[in-house]
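Okay, so chain A shows up in both of these, paired with chain B first and chain C after.
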Partner chain A sequence: METVISTDKLTKRFGDFIAAHELSFEVGKGEIFGFLGANGAGKTTAMRMLCGLLMPSSGKASVAGFDVYTETEKIKRNIGYMSQKFSLYEDLTVAENIRFYAGIYGLSFSDIKRKTDELLSKLGMQGEAKKLVSALPLGWKQKLAFSVSLVHEPRIVFLDEPTGGVDPVTRRQFWDLIYYAANSGVTVFVTTHYMDEAEYCDRVSIMVDGVIAALDSPGNLKKQMNAPDMEDVFYQLARKAKRSE
Partner chain B sequence: MNQLFSFIKKEFKHVFRDKKTLLMLFGLPTVQILLFGFALTNEIKNTRVTVLNYAQDNTSSELISKIDNSKYFDVVSYVRSESELEAEFRKGNAKIAVVFPKGLDSDLKHAKNAQIQLIADASDPNSATTITYYLSNIINEYNGLKLMKTPAPMQISAETKMLYNPELKGAPNFVPGVIALVLMLVCTMMSSVSIVKEKELGTMEILLVSPFKPIFIIIAKLMPYLIISIFNLIIILVLSVTLLDLEIKGSIILLMLASTLFIITSLAIGLLISTTAKTQQSAMMISLTGMLLPTLLLTGFMFPIENMPIPLKLLSNIVPSRWFFIIIKNVMLKGLGIGSIWKQLLILFGMCIFLLRLSIKKFKIRLQ
Partner chain C sequence: MIRTFYFILEKEFKQMMRSKGLIRMLIMMPIIQLILLPMAANYSIKNISLAVVDNDHSEYSRTLVHKITSSGYFKLTAYTKNTKEAFKEIEKDNADLILEIPHNFEKNLVRENGQKVSVQINAIEGVKAGLSGGYLANIINDFNSEIRTRWIQPQGPDEAAIVSIAPINWYNRYMNYYLFIVPGILVTLITGIGMLQTAFNMVKEKEIGTIEQINVTPVKKQAFILGKLVPYFVLSALVFIIGQVVSFLFYNIHSTGSYFTVFVSMCAFLFALQGFGLLLSTYAENQQQAMSLGFFFMNILNMMSGLYTSIDSMPMWAKVMTGSFPLSHFIRVMRMVMLKGSSITEVGDHLLIMVGLGLVFNTWAVLNYHKRS
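Up next, the complex of A and B:
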C-alpha cells in the first residue's frame, strides 16, 4: 500500500512543555485513520504539524510525499481540512461558499463551475444552492463543509472533530460520506471524541500525554486489551493520563 | 490572481449583506459632518444687538446702520437707559449692546477722540469674545473711512486679516477634523472586526491550511474598507461643499492621494488590533477607546496642540490623524501644493509602512 503520511519521532515542544513526543506512524492511501485522545493529549498539535500550520521541534514527517519543514506550500495544495468549529460563511449562500473555497485553491473559473454543480447534485442540494448557509440545518452544514474541504480534490483530508454536536443519525450519514471519499482513494485523518466513530476507522491511534499509547485496528486493540468495545479500550489507556487541560 | 479575486468578491458580499454595519459605515460620516457643521458651529450670524444711544447724532446713526447692514448683526432693539439695557440682557434678548455716549460728534471734532462702549453677554465666553471682536472690527472700519476724509496726524493702525477663513466660520476647522476622525474610526474598527470575525467563526484556520498566502488574506480583507472609505471621503467632501459652503481650494487629486495614504495607515492599525484581539467585541472596544480619544484630543482640531503640556505634545506626534489634519487643512483650506505637506506625507508614509510590516509579522507569528 502506498504511504501518504509518515512521521518519525515527530516532536513539538512549547518551552518546557512537550505537547507531542516522538510520534512515529504511517498512514496509507485511502485509509481512514482515527486519531483519538483526551483533551490536551496533543491531537491538535500533531494535526497542525502535519497540516503545515506548526513547525515541529524535532523528528521527521512527510505528508503526501512532501516534507513538513520545507515544503508546506506543496502540502497545503494536497490536503483538505475541516475543523471542529464550524467553517462555512453563514452570510454567503451554499453555492457562494463552494465557489469561494474552490477559488482560493486556485481552480479555474470553468473548474469552479463544474465542481459546484457536481457537488450540489452529489449532496442533493441543488434546490438550496441560492439559500444562505445560516438557513440550513446543522447536519446539512456539516456535510456541506466536508464536501467543500474536498472541492480541490486533495489526496488527504484532515477532519478535526467533524461531528461535534450532531445527532447519531446525521453522524451515520456523515460517515457514509467519509467512506465514499476513502473508497475513491482519499486518505482520511480524523480526530474524534465519539467511540462509536472510532469503530468505523480502519486503524486508530490513541494519544495519552503527548505520546501514542496504542496504534492498531479497532478489532486488534479490543483483543489485545481484552475489552468489549472501543470505549473500554480508550478508558483503560486514558485513565493513566497525568495531565489534563 | 484568480484566488485573490475570489476572496475580494467574498469580502464585498460580507460587507454588503450586513445592512446594519453598512448603514453605520455611511451614516456615521453624514451625521457627524452635519452635527459638527451645523450644531457645533462657533460662527456667528444675525447676532442680536441692542443700542443705547445717548448721542443721537450723525456718527452714532451712521455706525448703527453700518452694524445693522453687516450680515453678522441685527439691531433688534433700542433702549433708553442702563436699567432697560440690563433688562434686555436678562431676558436674553441681547447678545451684545452698543452704548454711544453723549456728545460723540463734538468729542470727535474737538478732542479727536471718543469712546463707544460694547457690552457683551459673556455667559458664553467664546462667542462673547468673537462677537465683540467682529463688532470692534466694524467700528474700526468706520474709523478708517473717516480718517481718509479728514487729514489726520501720523498714525499707525493695525489691520487684522483672517486668512483662509476670513469669516471665522466653524466648518473650515471642523471638516478636516471630522474627515480625520471618521476615517480613522471607520477604518480601524472595521478592519479589526472583520479579521477577528474569521477567527471567531473558525474559518481563519481553513484559510491558513489553504495555499492562500496570509498577505493575500490581509489585502483581500482591507480592500472593501479601502474602497468604502474613499467613497465616504467623497460623501464628506460633497456635503461640505454643498451644505457647509466650503470650497476645496487645492488639488483634489492630491487630497485624495493623501487621504488614501491615511486610510491605509488606519487600516493597518485595525490589522494590528486584530492580531491581539480574540473576540469581535474586544476588537471593537480597543478600536473605539484606543482610537477615539487620541484622535479627538491629540489631532488639534478640538484643542490646539501648541497649548498642550510637553508630554502630550510629544504623544501627539505618534497620532497619524494629527499629520493628516495638517495635510487636509493645507490642501483644502489654504490651497497649498505638495511642497507644503511633503513632510507630513513622509511621516504618514513611514507610519504606514511600519504599521503594515509590524502587523503582517504579528499576523504570521500567531499562526506558527
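Up next, the complex of A and C:
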C-alpha cells in the first residue's frame, strides 16, 4: 500500500513541556486512521504539525510526499482540514462558502458550479444553498464543513474532533461520508473521543502524555489487551496518564 | 494568484455588506459627527458667568459693568456687596469670575488718574480661564482708553496717541472656527473606520477560528491581508466623500485647493492608517484586545495630532512623536489644501511621509503574520 503520511520521531516542545514526543507512524492511502487520546494528550499538536500550522521541534515527517519543514505550501495543496473550531463563515450562505473555498484552491468557475451541485445533492441540502450557515443546525454545519474540506479533491483529509457535540444519528451520517471519501481513495486522519467511532477506523493510535501508547487495528488492540471493546482499551491505557489537563 | 485574490475580495465585500448596521453607520456617522461635534467642540467661549463686587456704586463703576455685560461674552450672575459672597458664587459654580471694584473707584480714577480693579478667576478649566481673563482685560483696556479720550479731548488728540492693531486674518478671514475644525473632524471620522474596522475584521477571523482554515490553504498571506484592506479602504473613502458633501451643505465649506489633491492625500493616509490597524490586529488575539489597543491609540492620535491644539506649541518630544502619526500629517494637509489651496507639490512632503509610514506598517504587519506558528 502506498504511504501518504510518515513520521519519524516527530517531536514538539513548548519550553519544558513536551506536547508530542517522538511520534513515529505511517498511514497508507485510503486508510481511515484514528487518533485517540485524552484531552491534552497531544493529538491536536501532532495534527497541526502535519498540516503545516505548527513548526515541529525535531524529528522527520512527510505528508503526501512533501517535507513538513520545507514544503508546507505543497502539502497544503494536497490536504483538507477541518479544525475543532467550526471553520466556515457564518455570515456567508452555504453556496457562498463552497464557492469561496473552491475558488481559493484554484477551481475553475465551471468546476465550482459542478462541485457545488454535486456536494449539495450528496448532503441533501439543495434547499439550503442560499441559507446563511449560521442558520443551520450544528450537525449540518459539520457535514458541510467536512464536504467543503474535500472540495479541492485532496489526497488526505485531517479531521480534528469533527463530531463533537453532534447527535448519534448525525454522527452516523457523518461517518458514512467518511467511508465514502475513503472508498474513493482519500486518506482520512481523524481524532475523536467517541469509542464507537474508534471501532470504525482501520487502525487507531492511542496517545498518552504526548507519546503513542498503542497503534494497531481495533480488533488487534482488543485482543492484545484482552478487552471487550475499544472503550476498555482506551481506559486501560489512558488511566496510566500522569499529565493532567 | 489574481484568481485567488478575486475570491478573497468577493468574500470580504459580501461579509462587509452583510454586517449589520453598516449602511446606517456609513450615512449616520459623518452626518452626526460633522453636525454635532463642531458645535460642541468650540473654542470661542461665551456665557462666562460673572460676579461683580461693586464697592463704589458710582457712575463709572456702573459704566464699566455695563460695558462688560454688553460685550456678549459675559453674563452677570451675581451683584454682591462683598468678596466673601462673590466667592461663594464661585464655589457653587454660579460664577467663573469675580470682578471687584474698590471704594472710591471713581474718585481715584478722576483725581489720581489711576485705579486698580481686582479680577479673580476660577481656573479649573484652564483654557476658559485664560480666554475669559483675556476678554475681560481687553474690555477694561477699552474702557480705559475711552475715558482717557473723553478727558483728553479738549486739549486735542495729540496728547495720547493710541497705537491700535488691525490684524488681517489670511485664509480664514473671519476666524471661522468651523473652517478650522471641520476638515479635522472629517479626518478622525475615517480614522475610526480605517484603523479600527480593519483591525477588528482581521481579529474576528482569529477569534472564530476561520483564519486557521485559511492558513491550511495555499492562499498567500499577502493576498489574504490585501483582501482585508481593500473593502474598508472603499468604505472609508465613501464616508470621506459623504463627509465632504455634509460639510459643504451645512457649513458651506468647500476646498480652496483641488479635490484631486485631497483625494490623493486621503489614499496615502488610508494606506498608512490601515497598515497600522493591521499591525494592531497581528498583536491582538481577540476583538476585545484589539478594541482596547485601538482606543488607546485613537485617544493619543486624537489628542496629539493637532486636531484641537496646535502642534507648534507642543514640546520637542511631542512634535517628534506627532511626526510619526499619519493623522497629524493628513490633518495638516487637509487644512493646507482646503483652506489655503496648497497644491500637491506643496503638500508633497506630508504625502511622502504618509506613504513611507504605510510601507513600514504594512510590511511589519505582513512579517508579523505567520501562517505557521
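The criterion applied here is as follows: the second predicted complex is superposed on the first by the 245 of 245 C-alpha atoms of A that agree within 3 Å, B and C clash if a C-alpha of one lies under 4 Å from a C-alpha of the other, contacts with A are read in each partner's own complex, and residues count from 1 in each chain.
FYI, contacts are C-beta pairs under 8 Å (C-beta built on N, C-alpha and C of every residue); 3 or more make two chains touch, one makes a residue touch a chain.
The structure displayed is predicted, hence computed values, not measured ones.
Aligning the two structures on chain A places chain B and chain C in a clash.
Contacts of A:A135 after superposition on the shared chain: neither chain B nor chain C is touched. Contacts of A:C51 after superposition: both chain B and chain C are touched. Comparing the two complexes, residues 51-55, 73, 76-77, 79, 81, 83-92, 96, 99-101, 103-106 of chain A contact chain B in one case and chain C in the other. Within the complex, the chain A residues that touch chain B are 51-55, 73, 76-77, 79, 81-92, 96, 99-109, 149, 158. On the chain A side of its complex with chain C, the touching residues are 51-55, 72-73, 76-77, 79, 81, 83-92, 96, 99-101, 103-106. Contacts from chain B toward chain A in the complex involve residues 2-3, 5-7, 9-10, 13-14, 17-18, 201-203, 205-212, 367-368. Contact residues on chain C toward chain A in their complex (touch as defined above): 3-4, 6-8, 10-11, 14-15, 18-19, 208-210, 212-219, 371-373.
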